[in-house]
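Paired with chain B in one complex and with chain C in the other, chain A is shared by the two complexes that follow.
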Partner chain A sequence: MEQLNYRHVAAKRAKGTQSQALVGVVASGNLEVLVERTLPDDECEIDIRTVVEGFGEVWRAVVADFVERRSPGGLKLSINDGGARPDMVALRLAQAVRAVEGERS
Partner chain B sequence: MTVWDNARRARDSRLQAGARFAQGKRVAREDATALLEAVIQPGDRVCLEGDNQKQADLLAVALAAVDSGKIHDLHMVQSGVVLPEHLDVFEKGIAKRLDYAYSGPQSQRIARLLFGGQIELGAVHTYLELFARYYVDLTPQVALIAAVSADREGNLYTGPNTEDTPAIVEATAFKDGIVIAQVNEVVDKLPRVDIPGDWVNFVIESDKPFYVEPLFTRDPAAITETQILTAMLAIKGIYAPYGVQRLNHGIGFNTAAIELLLPTYAERLGLKGQIATHWALNPHPTLIPAIESGWVKQIHSFGSEVGMDDYIRARSDVYFTGPDGSLRSNRAFSQVAGLYACDMFIGATLQIDLQGNSSTVTADRVAGFGGAPNMGSDARGRRHPSKPWLQAGKEADPDSPAALRRGRKLVVQIGETFGEKNAPLFVEHLDALKLAEKLDLDLAPVMVYGDDVTHIVTEEGIANLLLCRDKDEREHAIRGVAGYTEVGRGRDRKLVQRLRERGVIQRPEDLGIDPLDADRNLLAARSIKDLVRWSGGLYAPPSKFRNW
Partner chain C sequence: MNINVATPVSASWYEASARQRLSGLLDKDSFVEFIGPEQRETSPHLSLFNLPEQFDDGMIVGRGRLDGAPVWIAAQEGRFMGGAFGEVHGAKLTGLLRAARDIGSMPLLILFDTGGVRLQEANAGELAIAEIMRAVIEARLAGVPVIGLVGGRAGCYGGGGLVAGCCSALAVSEQGRIGVSGPEVIETNRGIEEFDSKDRALVWRTMGGKHRRLIGGAERFADDSVDSFREAARYLVARAPAMSMATLEAEQSRLERRIARFGDLDDALDIWRSMGARDAEAIPGMTYQDFVVLANQLEEPRHDAR
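Right after this comes the complex of A and B.
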C-alpha cells in the first residue's frame, strides 16, 4: 500500500452546492473516488491510497492534467485504488467532479 | 536417361507402405501412428493442420507418438501452433525446423523452445505468405488435415470450419504429396463436398470431433468505458469522415466495442448504410446486434466461430453458405479479400514504437501474427478506386496528380495506452528487437510496419499519421496520443499542440465527444446473454461464456 498526496491551486470553484459524492468501486483494476467540498474555492487536494507501488510520477501527471482540465476548486478527492490504469483514473476523477457538480460539465 | 517422375514414384511407394494399414482409404485410428511411420520419411516437410481454429488433434497425437529413431528432422510447415503436441514433436526430436504463422495459446512454450534451441525457426509468416510458400518452396510431402466427415471415396465435408484445408490440400495433392484426413465420421452421403476424394489418400475416423479453438468471442460484460471511448473516437473520427464500408476488424475488445456501438451510437450519428456494410471477418458474436439491425450487407469469413453455426445458417443473405446451408469459410480467400478488397483494417496490438511499428511479441511470449500483417498492410497491387482509399492517398501525398496517385489502405491501431498489468502500449524499442537479437534472426517479428499504419487511436485521441510530413512530426503524433506512458510523458507539448491545430491529432473534444458519455449503456449488448437474445436464441455460446 502506498499513500500519495497532491495539493493544487485551482482556477475556478467547482460548480453546484452538493457537499459530497462517491463514484467507482474498489476492485482489481478499478478505483473508488470520494469527493467532498471541504476546501477554500481556489484549492484542491487529491489523496491516494493505492495497492500498486512505484507509480508516483504517473499519478502526479494524471492529477495535474485533471486539475487543469476540470478545475475542481474547493474539492478534496480521496482515492481508494485497486490498481486501475491511468485512463480509468482520469475517467473516475472526471466522473467524481460531474457527480458533485450535479450536472453534465 | 533422365527420370522426370521421381517424386511420383516416391509417392507411390509411400502409398504402398501405407496401404498395409488401410482398407480402401480407411485406416483404423489405432493404426494412425503406424500409418504415419510408414508414409513419412526423415527430413520431410509436414503440414499438421493447425489452423487458427480447427485442429487435426488426433493426427497431432499420432505424430507425437512416432518413434523418433525412425522419423526425425521433420520440417513442420503449418499456420497454427496451437496444441501441446505441436511442440511435443520438437521436444521429442521428431521435428526440427518450423515455419508457421500463429502460436497464440502456445506463445510462452514456443518462446522457451526457441530460446532453448529445440526449434530451428524458419520464419514467422502471415497466413497468406505461408500459403504462398506451400506453392513455391515449402510444399509439404505429407499433409495431415481435419474434416467433419468423409464418404467411402474419401470426399471430405469440412463444414463451417473449412479454413486452411483447401490451400494445404491443393499444394500437397498436386505435387506428389500424401494427404491424410481425420474425420469425425464416415458417412454414405456428404452434405456437400469441400475436398474431392481423389485428392485424399487416407481417412481416419476419430473417436471425438476435432478440437476448435473459440477465438472470436468477446464477452460484452468485460468491455470497459475506456474501450467504449476509443470505439466512439474511431467511429466518429475515422469510419465517418472516410466513409469506410469495406473492412476487417481484429479480435480485441476495442473493436468488439465498435461492433456493439453500430446500432446505438453510430445509428444516432446517422451512419447506417454509410459505413461498415461489407466485411472480411470471422463470425464475431458481437456483430449480431448490428446484423439484426440491418447494418451488415455481406461477410466473408476465414473460419467459423464456436456457437455461431445455427445463426449463420439462418442468415444466408449475410454469410457465405453452401448448398447444405452451413458456412463455407476459406482462410486463403478471406485473407486475399482483406488485402485487396477492404479499405480498412483496425485492430489492437501489444507494443507500438515511435515509428509506429507494432508487435505482439513480448519478452517471454512469441504469439505470431495470424492474419493481421496482411489485413494491416497496403496492397501495392491494388488498382480499383474507392472513396476511403483515394482520400487516404490524397492526405498522404497531396501534391501528386490525382490520376497517378496511389490510394492508401486505412490501417488503424486501436488500444488503451496501458494494457494488462499496466504494461505500456507505447515503447521506445519493441521487445521484438530483443527477440531477433537473442535468436539471431534477420528480421524482427514486426506485426504491422510503421509505414503501413495510418492512424493510432487511444483514449487520448486519434493520431493521423498520413498527415505527418517528416519523422519528427510522426514521432510526436504518436507521443501525442500515448497518454501517461513514458513515451507519452516525453512529448514536446508545443509541438503536439501544433499538430492538434493541424488536425494531425484530434482529442475527444475536437470531435465533439465527451469522455463522460462513454458509458456501458451505449453497448447494444452488455452480456453474452444479450447476444443470445439478439440472435433470437440461434447463437449458442460455449459453456465457458455462460454464466446462467
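Right after this comes the complex of A and C.
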C-alpha cells in the first residue's frame, strides 16, 4: 500500500455550498473519490491510497493537470484506488468536483 | 450526508450503484446516512492483505422516506469486493436492525448485492452473519417489516442468502439470484454432473429471480428498474406477515409441502411443468409483464408464511 499526498494552490474556490460528495467505487481498474469542502478557498489537497506502488510521478502529473483544469479551491479529495488507469482517475476527479458543486454527475 | 448521484427513474437496478439505488428508491433528498464515508469507518482487516479499503466498507445504512413514510434502509455495493460481508460492513447492518427493533414498527429495507462472507475477514464475517440473522428476527418480533430487494450483479449468496431467508418478504428481479452456495461452489464440491456452472441457462433457471418467484422463494417479482423495485417494496411493506409461532409453523409446513411436491424433480423446467406451466421452455425468455401474469396464474404468493 502506498500513500501519496499532494497540496496545491488553486486559482478559484470550487462553486456551490455542498459540504461533501462521493463518486466511484473501489474495484479493479476503478477508484472512489471522497470530496470534502474543508480547506481555505485557495487551497486543495489530494490524498491517495493505492495498492499499485511506484506510480507517484504519474499521479503527480494527473493531479496537477486536474487542479489546473478544475481549480478545486477549498476541497480535500481522498482517494481509495483499485488500480485505475490515469484516464479513469482524471474522469473521477472531474466527476467528484462536479458532484460537490451540485451539478448532476 | 448529501450524496449527489444522478438517477434517472428508469435506471436499471442491476447497473446502478448502491447509492444510486438508494437515492432512486427514496423520496428526493430524504436519505440521511449513518456512519457515512466521511467518518472513514473502514475494514480493520483488508490492509493486512494489502487490499484497498472503501470509505463506507461497501455498506450504506440510514433512514429516509418511501412515498412519504419513514423507513430504515441498507444497501450493499456489489462492485466492492463482491458486496461481501466483513466486520464493519456487517456491524453497520446489525446496528441498523437493532435501532429498528428499539423504535419498532418502522419498516426496514435491505438492498442485497452480495456473494456472501468476505474471505479475508472469515471469522468476523461469519459472526456478522449470525448477528444480523438474530437482529432480523428480533426486529421482526418487535413488529418491524424487514423487506429484502434482490436484483444486483452479485446476486444474494452465501450468508446473504441466509439473511434473505430470515426477512419478512423478498422482491427479486430476473437478474437477481438467491442461493447459499453459488454455481462455482456447487460444481467444485459436488462435481460437474451435479451442477455445471458454465451452463448459464441452467444457472439462471435454477437460481434466478423467475424460478425463485415461482417456487415461493420470493413474494414479488420486479422488473429491472428502480421504479419497479419501489413499487415492490411498497407492496411488501404493506403486507409483511407478523412474526409469531403461527408464522413459523406455516412457513415450516409450506417448505415441507414444497419438498414433497418438487423434491424428486431434477430441473427447474420439470418443476414449472408440474406447476401447470404449459410452455415451460418459454419462461426464461418471457417479458416482465407476461411473466407476472403467468406467475400469478400458477400460484398466488402466500403471505401467511415466512
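Here, the second predicted complex is superposed on the first by the 103 of 105 C-alpha atoms of A that agree within 3 Å, B and C clash if a C-alpha of one lies under 4 Å from a C-alpha of the other, contacts with A are read in each partner's own complex, and residues count from 1 in each chain.
Going forward, a contact is a pair of C-beta atoms (placed from the backbone, for glycine too) under 8 Å apart; a residue touches a chain by one contact, two chains touch by 3 or more.
What you see is a predicted model; the values in this text were computed from it and never measured.
By the document's definition of touching, of the two partners only chain C reaches A:Ser19; chain B does not. When the two complexes are overlaid on their common chain A, residue A:Leu34 makes contact with chain C while staying clear of chain B. In the superposition on chain A, contact of A:Gln95 is made with chain B only, not with chain C.
By the touch criterion defined above, A:Thr50 reaches chain C but does not reach chain B. Contacts of A:Met1 after superposition: chain C is touched, whereas chain B is not reached. Ranking chain B and chain C by residues of chain A touched puts C first.
Once the two complexes are laid over each other on the shared chain, residue contacts for A:Asn80 go to chain C alone; chain B is not touched. With the contact threshold set out at the top, residues 104-105 of chain A are in contact with chain B in one structure and with chain C in the other. Listed in rising order, the residues of chain A touching chain C in the complex are 1, 18-23, 25-27, 30, 32, 34, 36, 49-51, 78, 80-82, 99-100, 102-105.
Across the complex, chain B meets chain A through its residues 224-226, 229, 416-418, 422, 459, 483-484, 489, 514-516, 518.
Interface of chain A with chain B (complex): residues 52, 55, 57-58, 61-62, 83, 85-88, 90-91, 94-95, 98, 104-105. Interface residues of chain C facing chain A in the complex, by the touch rule stated above, are 1-6, 17, 19, 37-38, 47, 50-56, 77, 79-80.
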